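I have a structure here, written as structure tokens, and I will follow up with some questions on it.
Note that the chains take the letters A, B, C, D and E in the order they are written out, and that residue 1 is the start of every chain.
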Amino acid sequence: MFRTWRQRVTFSDIMVWIIGLAIGVVVVWGTISTIQSGKYSAESWFDLIVKGLALGGVYALIAMGYTLVYGILRMINFAHSEVFMSGPVTAVFLANALAASGFLNKQPLLSILAIALLSMLVSMTVAILVERIAYRPLRNAPRLVPLITAIGASFFLQYTFRGFYGSGFQAYPTIDALAGSWKIGTVQLYKTQAVVIMAAIVLMFLLYAIVMWSKLGKAMRAVSEDREAAALMGIDADKIIVFTFALGGAAAGIGGILYILLFPIAHFYMGFIPGLKAFTAAVLGGIGNVPGAFLGSMVLGLIESLGPNLFLDGLGIPNASQLKDALAFIILVFILIFRPSGILGERTAQTKA
Amino acid sequence: MPMLEVNNIHTYYGNIHALKGVSLKVEQGEIVSLIGGNGAGKTTTLRTISGALKPREGNIIFEGEDLGKRKPHQIVHKGIAMVPEGRRIFARMTVMENLEMGAYIRKDKKKIAEDLEWVFELLPRLKERRKQVGGTLSGGEQQMLATARALMTRPRLLLMDEPSMGLAPVLVEAIFDTIVRINKEGTTLLLVEQNALMALSVANRGYVLETGDIVMHDTGEALKKNEKVQKAYLGVE
Amino acid sequence: MSKRLFVVLSLFVAAAMLLASCGGATSTYTCTDAIGCVTIAPGDPIHIVYALVVAGPNESLGIDSRNGIEIAISDTGGTILDHPVQFDGEDTGCSAEGGQAAGTKLAADPTIVAVIGTNCSSEARVAMPLFSAAGFVVVSPSNTAPDLTEAGNPNNYPGYLRTAHNDKVQGAVAAEFVYNELGLRKAATIHDGSLYAEKLQEVFATHFVELGGTITAQEAVDPAQTDMSSVLTSIAAGGPEIIYFPIFMPAGGFLIRQARNTPGLEAVKLMGADGLFSSDVMEGGGAEIEGFLVSSPLTQGAEYDAFVAKYQEMFGSAPISIFHAHAYDAYMMIKAAIEKVAIVQSDGTVIIPRQALRDAVYATANFDGLTGNLTCTPTGDCADPYIAVYEYHAGQYPPEVIWKP
Amino acid sequence: MENVLVSKKVTKRFGGLEALGKVDIELKKGAIQSIIGPNGAGKTTFFNCVTGFYTPEEGEILLNGRNITGLSPDRVAHLGVSRTYQNIRLFKNMTAVENILIGMHPHLKSWLFGAIFRDKRTMNEEAEALAEAKRLLEFVALKGRGDMLAKNLPYGEQRRLEIARAMANKPHLLLLDEPTAGMNPSETQEMVHFIRRLRDVLGITILIIEHQMRVVMSISEKISVLDFGQKIAEGTPAEIQRNEHVIEAYLGRGAASGLGEAKAKG
Amino acid sequence: MQNKYTDWKQALRSGLLGGAIIVLLSLIGIVTAFNKTFIITKVLTFGELLLLGPIIVFSFVAIRKAATKSPGFLLLTGAIAGLASGLVLIALVGVGQLINLRAMFVNASDDLYAIYSYNQTLFFGMILRLAVSGLTGLMTAGFFRLPARIKQALGQALLYIIMMGLMSKLIGTVIASWGFVSLLFEWMFARSGLSIVGAVVIFLLVGGLTYWRYGRPKARLVRDPKKQQLVRWGTLGGLGILILLLPSILGMWFSEILDNVGLFILMGLGLNIVVGFAGLLDLGYVAFYAIGAYTIGVLTSPELGFFNMTFWQAFPFAILVAVAAGILLGLPILKMRGDYLAIVTLGFGEIIRLLALSDWLKPWLGGTQGIQRIAKPVIGIGNFSIQLESQQQLYYLILAGIVIVAFIAIRLRDSRLGRTWMALREDEDVAVAMGINHVATKLTAFAMGAIFSGIGGTIFAAKLGSIYPSSFMFLVSINILSLIIVGGMGSIPGVFVGALALMGLPEVLREFAEYRYLFYGAALVAMMLAKPEGLWPEARHKLELHEAEAPPPQESEPAATSA
């Protein structure tokens, strides 16, 4: 047994384990010393967890777009961050108009639904247009070519919306119904966060249901497995691909409104960072996998929110939150070292050979 | 009027001239076998009929209608289904989901349920496994599933590409039994086979394809007795 | 191909010689300026350019400044000394390499009289050697790094001036205000990784400690960051009485909103700098804006209100960032200096001696601008050191002045 | 004679599924041996275990007496094991010669330094390798096809090129996964001769997975039959054809009797 | 009749689409922004061209698609398309009069409407606009009817005028640096755009030449192969000399562009090894660039004061550090496949930037304030040494770097190592089964890439003299990746072409100020749609793509399980 073990392990494996172990040790050590120092109260931790989950919920909705498109076309839709952006930067005008007329605070639920609907429609339209113009003509091109058109489309969209609405910041109005918090024992639960988490969970379940149980969802999975075989069943792959983009776009558009509830400022450049994060989350969970996107997003949200204070603070690193993203990526590497296809990803490497 | 008429089609892969004027006919209710060596263009012929490839010349007429520029999924709507080479079932979907995909183009729920029963009766193994994920089925079961899936589209013409490939000899017989039964229940079949002996045994008529061209055409029995065919495809020396 | 090219070229040359021989007016003025003159023929425009970040993630800074200049041009009828003003320029990207590229391009154009820029101090450091060598006079509306105007510092180039406030001035004023006026003793700071914010909070912290206060934390965020919970929680652990974050929108808006929702920070005072003196802060901060303090030069009154109205009219939105007024003043200063030194000939030809122009700008004193009373130091700091502190109230813009020196 | 390959109770599981259960196979030096069995019986899994792609959960694999269980595939290749694939897996966008040169990888040494500076040793090595590659091409009757992209070769030639690539490693043990798949009877016959020649001329030990019973029966000295990951029979072709288990699980009555006829005729 | 009806609809649809695109461009703000940018001074502005261009394109499309080919009908088609576009514009103005579009679209200003209506009263102006639109469509149709020879001559001439007009400022900058020679050309250009005389001259010259050359076979100068060889060497030599003289010919500003292009060629060659040869999608290539730059910065800057080395003393360390980082990063990630590798490398790039930015490492790396006063390279010995400072001098350093790196890249491609990379790219499992140690092989590719990128970083640091974390954004990685794909994956000349196109383009597009990324994005999409295989693809890849569809997979295994 020992012999086989030694045969299997190479120098590089050992190095990788050392790196993994080092990350693990640093994280654990940091965590222990942070908790020992007692700098943060339990309320603070609870607050950070809730905020992390809310953020994760938003990421999850954006990540859906990446994961669905990846599943079906095996390509990273880099323009998705702009699909996400286009909804909220457009819907802000509706929101402000509603606020000005006083309708927003009279009928908050109805208003939010209207705003979300508009945001969803815009994002969906943009997603479909991008597919039609930048990706469809390149269906048979080498794998990386659509990646470049995606980047081009991303630039184009950013500056198109910048041109439309100007380069300033557009703030969303405050919704009174969502202001404030509930007190549970000693901890505060802010209404916005609670609403976002709930909405994200419900929406993710809805999306999951569409993908798993609806006829179109099943067709989508069929196309993603084998486009030609699906065509032999009478499934129009082009239509299904458009549907996929539309679904991903819609999720991103609604995600945009949830995002705006948390961070109520819209800007033409607002898509880049959440887009990147959501993409990371999708990979973390195992790209192409819907529950994976959800799980990955939640993990990422928690790491971002808790990470700097929990892992780094105790190590005496100043301005830990400046390294928030670095930490998130390091933990991504750490997870991928041990699960090379993401948390819920299929172990593709094994079935090949 | 024949059910399917393929007239002088030329198909290319890029610059490679794969089919050089293939013509064939399938009559209602027949089993027609297409045999030939590897690279002769058998699969290409089927892919051209099913719309996955476009012929540069020639036309394909099904029930009097030119399939011309139709896309594969539109051709399915016309009543042609195909069991592709290598089965290509949806490996991550369950048997039931695979069959549902077969019925994708159909709306009538009652009719679909009836057909499901019919398919299960035809291939009882699938009924036992209907909750199982396609990828975990054995090779023979996958072939059954692929056939059943194609039948769920309720085709009038079924194209089968190498149904016996990679199967144990014992299963090959079973598959051909099924083929004959499907035919008896009213589906016309166009069969591409490597296993020429079996293919010609069940076929009403057969075509021999060589380097993209039809070189021989006769009834199944006659071809089986043909000396050239025996030598080249049946391995009789 | 090459043959065709040859034919084209030879035809050009022939035609050109023909034309060149009939042109050629002679000038009656000989330039004696140490670094040369710009001659503007009758009817030709005076060329003033911007070197600002007008594309990319930081573009609102530059576009806003550029809008300020365009208002200044339009306010003065689009002319200087009866010559039209040609106003164009380059994007600098708020990065060193962008500054170098833009600087090189502009430096190659001898018709340029003056440059308004740059936005970011990193750009200035690489672009200034080029501008300076080309003989331009440069006035920056938003560079705040102290080294740029520090005597003897290699980054201080001749011809460089600014209407923006040196971090040293503003940071110190803010610290004094917090310590003396508010009477607070424990402060935390946040910067956003920009040169401006980092330096400003550093000056603030140093000064605050000198005065006898304590700095509980010096934190940082990413300007594109939206979720501030981890940084705020970390700051809350130190129990500060005030958080000073001299950063920009939108990160500033998020900090304002989220600070109140962080356990332990419900009652803390918040303070920003002129980077957060703009109307979007009102919207960005939402209901939490109440009581938010900023330090900023005194830009109030009818003049500024008229300016904002004009901005709205010309560009379809309220000012999108903060240095528009500084940029406006920069143009006005340059215009005044050109008018002072230019030699106008009888036929309308204008000759601008470059060194004299520089000297004239450096000599600006008691210039009445939107950002106060501008007087330039010999190293180029022109901003009015008169910095006030404002307090935001919900639904009221501009904010209320609560303290003047 | 010594055994080139010995597998002792090799077991491989995927999740709950047992793909191989305690499989014992021995391969004598210079033998041509076959594994048959229905699709999904674990034949290719066994190949993957031998070549190091899978690490068996239990059991040992010995190559020339050395335990190679769990060794990474590249190291197994260095020990002289080559294989071909059921569905041809050439480097499609590389030329035939380049494919063979890759097969020679374990025998070449030049690396970065040689690549950049092209010292004498590297140049010699490359020249020799090229000559050797051309010899191999000739051996598999692909002379003059060296500069064609692999994907542009006709099917039969691709099969032969794949074998040539496997041989470039100068293997002790060659694993062929359905070498006659998709060939017509006359092509198949050629392939059978060719495989024999490999063994007879070069002395390579060969293990084949094959579906065409005619080929299996005529070429193998010993046959192992796998079904559901279990070895259900082993023996000479004649023994296998008579084995009731095998007939029931795999061959079927018709095929078994058909083979008998063919044998009788041939 | 049926045909005519559909053609009608087609014309209307094309026209409306064209109009929609004009409205889009207007709302983005380009039309207003370039209303004062002349192509031909006082005659045609770029803004107006944007209003007419889509009409020309779409009426052209309508005419091309029309099934009926009678001349009269085609003219009508063009006019209809043009009028339809014009109507869309009128509709926009109409809506703009009714409601305040500007509350949402900042560019829907009165200025825009004034441009639409040629500064006339709204009513008269809109009629004028409609007429001009219709006329443009009609003229496009008329143009279509012209004999091919005239069509080509006219088309070429107009194209040249537009290009030269758009680029007039740039060309002006170059010409201005030529001293007295510049006088020969100055008359062609006005303050903005071409002068009228210039435009006429270009029109006559280009049009005339095209007309004259039309249909004539291309004259071969030399037929004798030996002489051809000579000519080829002569051309190469001439090209070499030209390359050496470029900075002096083009002046400082173009040298700056060339330097930037050169730096990206350097790095592109490196990334080409990683992505093009070895097939590893690396999205964090900027990390090594940053590492190279920061190593030089830390080692040479007197401001930090640790080492105060000279550039050349620090240079080997920079490369060592880059390689070490390449290996350190490579080890944990090279076992990951495809897109997992992509995201982790992306993360690595960000980690490096964030560390450089962090206050934690500020004492060593300068944090936000960056590192200043980085040493410039000095070449020569003793009294005969010069410090490479200006962009024109640094050009030669970069050029030397490119020559060495390109040489190495070519050698690597044609070696056993290059072959091995290619095999890994094609089919990793099989390659490993052939005895290739994939980790070591990929690591070598990664390390080579890191070296080249590191070299790029050192030159970058020296060129700027000061570095800030903001120079090492994710966008840099994306740019380098884009350039090798635009150039043609795996192709070494492709890197040069790609770098020129992608790095040169945004610099040239500076003319468009804040809209340059918009044009850049559109150009990127257009380029890839037009040439998916890249501008200068590797011979092999060219083969691949031209055989549009691959032959059917010969596998018997279901494709899905192996994906």
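Going forward, contacts are C-beta pairs under 8 Å (C-beta built on N, C-alpha and C of every residue); 3 or more make two chains touch, one makes a residue touch a chain.
Here the structure is a predicted model, which means the values were calculated and not measured.
**Q** Tell me which chains count as touching both subunit A and subunit D.
**A** Expected: B, E.
**Q** Per the definition of touch at the top, where is the C-beta contact count highest among chain pairs?
**A** That would be the chain pair A-E.
**Q** Measuring centre to centre with CA averages, how many angstrom lie between subunit C and subunit D?
**A** Taking the average C-alpha coordinate of subunit C and of subunit D, the gap between them is 73 Å.
**Q** If you average the Cα atoms of subunit B and of subunit D to get two centres, how far apart are those centres in Å?
**A** 31
**Q** What whole-number Å value describes the gap between the mean CA coordinates of subunit B and subunit E?
**A** Taking the average C-alpha coordinate of subunit B and of subunit E, the gap between them is 49 Å.
**Q** Between subunit A and subunit C, what distance separates the C-alpha centroids? Give it in angstrom.
**A** 37
**Q** Among the residues of subunit C, pick out those that touch two or more other chains and give their numbers.
**A** Residues 55, 59, 63, 193, 218, 220, 315-317 of subunit C touch two or more partner chains.
**Q** Which residue numbers or ranges of subunit E touch two or more of the other chains?
**A** Expected reply: 106-107, 357-359, 429, 514-515, 517, 541, 544, 548-551, 553, 555-561.
**Q** Show the residues in subunit D shared as contacts by 2 or more other chains, in ascending order.
**A** 53, 72, 75, 155, 181-182
**Q** Please name which positions on subunit E make contact with subunit C in the complex.
**A** Touching subunit C from subunit E are residues 102, 106-109, 173, 176-177, 183-188, 191, 197, 201, 205-206, 209, 213, 219, 251-253, 255-257, 260, 357-359, 367-370, 372-373, 391, 460, 463-471, 507, 510, 513-517.
**Q** Could you please specify the touching residues of subunit B with respect to subunit A in the complex?
**A** My answer: residues 50-52, 71-74, 76-77, 81-82, 84, 88-93, 97, 100-102, 104-105, 149-150, 153.
**Q** In their complex, what parts of subunit B are in touch with subunit D?
**A** 37-39, 136, 138-140, 165-173, 194, 231-235, 237
**Q** Which of the residues in subunit E end up touching subunit A in this complex?
**A** 24, 27-30, 103-107, 275, 281, 328, 331-337, 339-340, 342-344, 346-348, 350-351, 354-355, 357-360, 429, 439-440, 443, 474, 478, 481-482, 485-486, 489, 514-515, 517-518, 520-525, 528-529, 532-533, 541, 544-545, 548-549, 558-563
**Q** Help me check something: in the complex, which residues belonging to subunit E touch subunit D?
**A** Where subunit E meets subunit D, its residues are 408, 411-412, 415-420, 422-423, 426-427, 429-438, 444, 448, 540-541, 543-544, 550-551, 553-557.
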